[in-house]
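What follows is a set of structures to go through.
Shared chain: chain A. Partners: chain B in the first complex, chain C in the second.
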Partner chain A sequence: MSEILLQIDGKAVKAKQGMTVLDAARSADIAIPTLCHHEQLEPYGGCRLCTVEIETRGRKRLVAGCLYPVEPDLIVRTRTEKIDSIRKMILELLLAHAPDSPQLQDLAREYRADRDRFEKEASFCVLCGLCIRYCAEIKKKYAVGFINNGARREINFIPEIAAGECWNCKECFPLCPTSYLQAAYHLTEALAFPSLSSRSASKRLVTTTTL
Partner chain B sequence: MPRINSAAELETLRKDILSRRDPGKPAIAICAGTGCLGLGNDKVISAFQEEIKKRSLEAQIEIRATGCHGFCEKGPNVILYPEEICYLQVTPEDVPEIVSETLLGKKVIDRLIYTDPMTGEKAAHQSEIPFYRNQMRNLISNNTRIDPSSIEDYLAGGGYSALSKALFEMGPKQVLEEIKKANLRGRGGGGFPAGLKWETARNAPGEEKYVIVNAHEGEPGAFMDRALFTGNPHCVLEGLIIGAHAIGSHQGFIYTRHDTPQLKANIDTALAKTREYGFLGKNILGSGFDFDVEVHFDVGIFVSGESSALMRSIEGKNPEPRPKYIRTSVSGIWDKPSNLNNVETWANVPQIISKGAAWYTGIGTERSKGTKLLSLSGNICHTGVVEVPFGTTLREIVYGIGGGIPNGKKLKAVHFGGPMGGSVPESLLDTPLDFDAMSKLGAPIGAGGMLVLDEDTNMVELTRFYLDFLTNESCGKCVPCREGIRQMLKILTKMCEGKGKEGDIELLEEIAEVAGAASLCSLGKTASDPLKGTLRYFREEYEASIKGK
Partner chain C sequence: MDNDTIDQIIDRHEGRAGSLIHVLMEIQSKNHWIPREALAKVSQKLGVPFTRVMQIATFYKTFSLTPQGHHEVHVCTGTSCHIRGSQRVLDKIQSLLGIRAGETDSNSKFSLAKGNCLGCCTLGPEIVVDGRHYARMTPEKAEEVLKKYN
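This part shows the complex of A and B:
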């Protein structure tokens, strides 16, 4: 593995081929905020909080730090006025869905994001996909997935798989930056695996309800 | 038909086909494009078949169900050869008269020909109708001469001679040079030079490389690619095979829509024929070059036409875009070099190879060469598929070809590029059609959807419409796009209801800025372009919807 020298916020940083800007920054104790990133999982690039400015051959552009591969002589800036305004807006957009998430609140303080900028549309889920990707990539169970697309996208447990797998796992719970996942899971559980006594009544529910 | 094994055999076959054809033989070309079929042209086709059979004229008169003729406004369209008499808005009831009067009696039926709505002047021949006369139909004109299911029709018009030239006379490097010299720019929206893209894919490391036809054409108001591909599938295939040879690819993909069965059927027939004749498969035309093509369907959302999402879809995954920090021409499908061009780009290749880059660069402007297909629609007299050389002014397209604005209304703007495009106000109508000139105005040509808007159009409502489309047609993966569109749409919806408030415009601009800068793919990056464009030229309409109309 060849060593790559780059510059992050004015500091010379040594990185290895194949690392991302985020990896390199974290190895040098330079903080870049993330929401959908997890070290054990493939980089996702969904939340865009890790947006940073890079400069190559005099050309500046904005990229997702969790995805952009390091290259020699790369200049990275992790805090500029533009970047801060992007992060502020992203946080405000997410706080409309999960206003009480501690992780979002911490970041909101740092970036002066207004929790009430947008009308509340509490879905609690911010669609970071951590639960889904953890279940697929690490556990290889695919018990939870995305349904729909665009603004209608949501997460959904697949009852048939969840019934067999989730009881003894629940490893995705602590990954959730809001508390939606637990709620969603319990709701699915309530609908799909009721006590034996009420099985016949809930069978109808299972066939007519989607989360 | 046995396989063709050399350039000489191809020319022998072509001579044989032509010797069996009489150019003076009467032929009826009936448009079976989507628009005309929707107007009931299938009934016109069967009426002609019955009438010809009834009169036992099968041997003397040929009937061709063809691809889109272009003049959708006046469909169902019928063209009678050899005179090229153009009949418009034909009904099954007209058919017996057309056969007896025009085909046998050689008399023109006055009520079926074009009448200029302004001057009352009549035009019987295709070449005299202003809609056709003012175009340069290098790509689309073959649609009326070809039965899409007949490879012989394509061969009769010189088909696959460019492939033969590329394989036996030129070779990959020279083909690449020719495409670069021609300055063929991608017609899918970006206008990126195709030759450079091909070169990147060719030079990228790895044996396995792919070439792809993007036939997704998902934006509202765009219908030119399917008109061309459905009507003349071999032209696109020939371009693709030439490109594959130049790049060094042995596997191609066609990515198309699940909801255009006619296009799929025509592609499948064309692929079967090309394999049978030896234009696809092992050892093409005896040249030693192997190449084949697979057809893939989309999964029904707009974003699957975005190049990286499209490649994911071909891999069998969700069509979610991925960042293109490494170009797809270096790392695309299964991380292999993958060269993607859209239908029209590939269709340009055979003519460049046949006639040369010098001929090609004689058409167009300094930096935009050749012709461009446009889907002309909206508040325009002549809706249809139009092909003009770059450099044609928007005014010429709207008035010279499109026949102007109906119902005595005034023109307000022309919108290009659908939900990720922009609008040009009437005052800039003398702008030439040119990739760079249009981009500067904030209205990049995009794929070629050209929507004409009259004075009654509410530009805030137009913008709201496009964001409403995108909010359901994006993938939903990244926050600036998914949530940014959601909030912009909410604000615009309120504005359209007359409930806009102070600060809304500034907030829209702030969200648009973030979505444009931080989104993952080009959909999110350009989703707010109609908003930015209309704010630039029609800001007063936004202000009016805040103050209350």
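This part shows the complex of A and C:
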């Protein structure tokens, strides 16, 4: 594999062919914030928090760091005034949907994003797609997916698949930045296949009473 | 429309994941809506995960996942038609069919929908029934048009 030399925030960084700007930056301990990125999953480019400025042949451009492949002599800037204001705006918009997400609040502190800037429209889901992509790419179960489009887009568990697969897995739960996923799952479960949870609940009840 | 016709459509595209949208469109145009069982069968026969089929079927407005009538009535409520009195046409059709815009009547004969400009502002107010345009509508003329489909 050929080595590619590029510059990130003024620092010379060596990267391999096929790496993204985000990979290269992380290998050099340069932090780029992400929300929808997961190391085991294909890059998605959904949240745009990893937006960075690149410069090639004297021209500047904004790209998503998690998708953009490294190229020789690329100059990358990860913290400029413009980038910070973009990230601040993205965070403020996401906070209108999920105001209590710890991950968003941490980033909001760093970028001085005001969680009350936009009117609350609490859908609690930021549509990062982590649960959906994890279920599809790693587990290959396809138990959860997007439905509808535009402003009405949301995640949706398929009861027929979820009833058989999710109870013993739930590996997507810790991935969710807002914990809306858990709520969506439990709602589907309660509506479509309540037997499992009620059975284990009654079992718990029995064990506690016998103790 | 029966399950056999749906099966035939699906069988013709068996194993070809790339034909997903074609299959859905064909079922939609023959059956006027796509039942969940048909989606499940499409998913199975074409080898596309069910979540993916659901995502695509709910993404496009073309696909209807709730039963629709045999005749699709669209009433234009765009600016030009509105000024020329499309609201009265709509009111009349709603009371004739006994349904509101966005609904389907109980014997699956008519579905009613509003559209913001159906493309022929000079001929407004217009209604479209099963793709056929009827121009310069009045409540009385609209009644005549609907009778043809009864």
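Please note the rule applied: the second predicted complex is superposed on the first by the 194 of 211 C-alpha atoms of A that agree within 3 Å, B and C clash if a C-alpha of one lies under 4 Å from a C-alpha of the other, contacts with A are read in each partner's own complex, and residues count from 1 in each chain.
Just so we're on the same page, a residue touches a chain if its C-beta (ideal position, glycine included) is under 8 Å from a C-beta of that chain, and two chains touch if they have at least 3 such contacts.
Because the structure is predicted, anything quoted here is derived from the model rather than measured.
Enquirer: When the two structures are overlaid on chain A, which partner does A:E119 contact: first (chain B), second (chain C), both, or neither?
Expert: A:E119 sits against chain B, while chain C stays out of touch.
Enquirer: Touching A:L175 in the superposition: chain B (first), chain C (second), both, neither?
Expert: A:L175 sits against neither chain B nor chain C.
Enquirer: I'd like to know which partner A:I75 touches here: chain B for first, chain C for second, both or neither.
Expert: After superposing on A, A:I75 lies clear of both chain B and chain C.
Enquirer: Which holds for A:I161: it touches chain B only (first), chain C only (second), both, or neither?
Expert: A:I161 sits against chain C, while chain B stays out of touch.
Enquirer: In the overlaid three-chain picture, which partner chain does A:L191 touch, first (chain B) or second (chain C), both, or neither?
Expert: Once the two structures are laid over each other on A, A:L191 reaches no partner at all.
Enquirer: For A:A64 in the superposed arrangement: first (chain B), second (chain C), both or neither?
Expert: first
Enquirer: Tell me which partner A:N148 touches in the superposition: chain B (first), chain C (second), both or neither.
Expert: both
Enquirer: Figure out whether A:L41 sits in contact with chain B (first) or chain C (second), or with both, or with neither.
Expert: In the superposed model, A:L41 contacts neither chain B nor chain C.
Enquirer: After superposition on the shared chain, which partner residues are touched by A:A136: those of chain B (first), chain C (second), both, or neither?
Expert: After superposing on A, A:A136 lies in contact with chain C but is clear of chain B.
Enquirer: Please determine whether it is chain B or chain C that touches the greater number of chain A residues.
Expert: Comparing touch counts on chain A for chain B and chain C gives B.
Enquirer: Which residues form the common part of the chain A surface touched by chain B and by chain C?
Expert: The overlap between the chain B and chain C interfaces on chain A comprises residues 146, 148-149.
Enquirer: Once bound in the complex, which stretches of chain A touch chain C?
Expert: Result: residues 132, 136, 142-149, 156, 158, 160-161 of chain A touch chain C.
Enquirer: Spell out the residues on chain B that touch chain A in their complex, using ranges where they run on.
Expert: For this pair, the touching residues of chain B are 301, 303, 318, 322-323, 325-326, 470-480, 482-487, 489-490, 510-511, 513-514, 517-520.
Enquirer: Chain A touches which residues of chain C in the complex?
Expert: 40, 49-52, 54-55, 58-60
Enquirer: Okay, in this complex, where on chain A does chain B touch?
Expert: Residues of chain A touching chain B: 44-48, 51, 62-64, 67-69, 82, 85-86, 89-90, 93-94, 96-97, 118-119, 126-127, 129, 146, 148-153.
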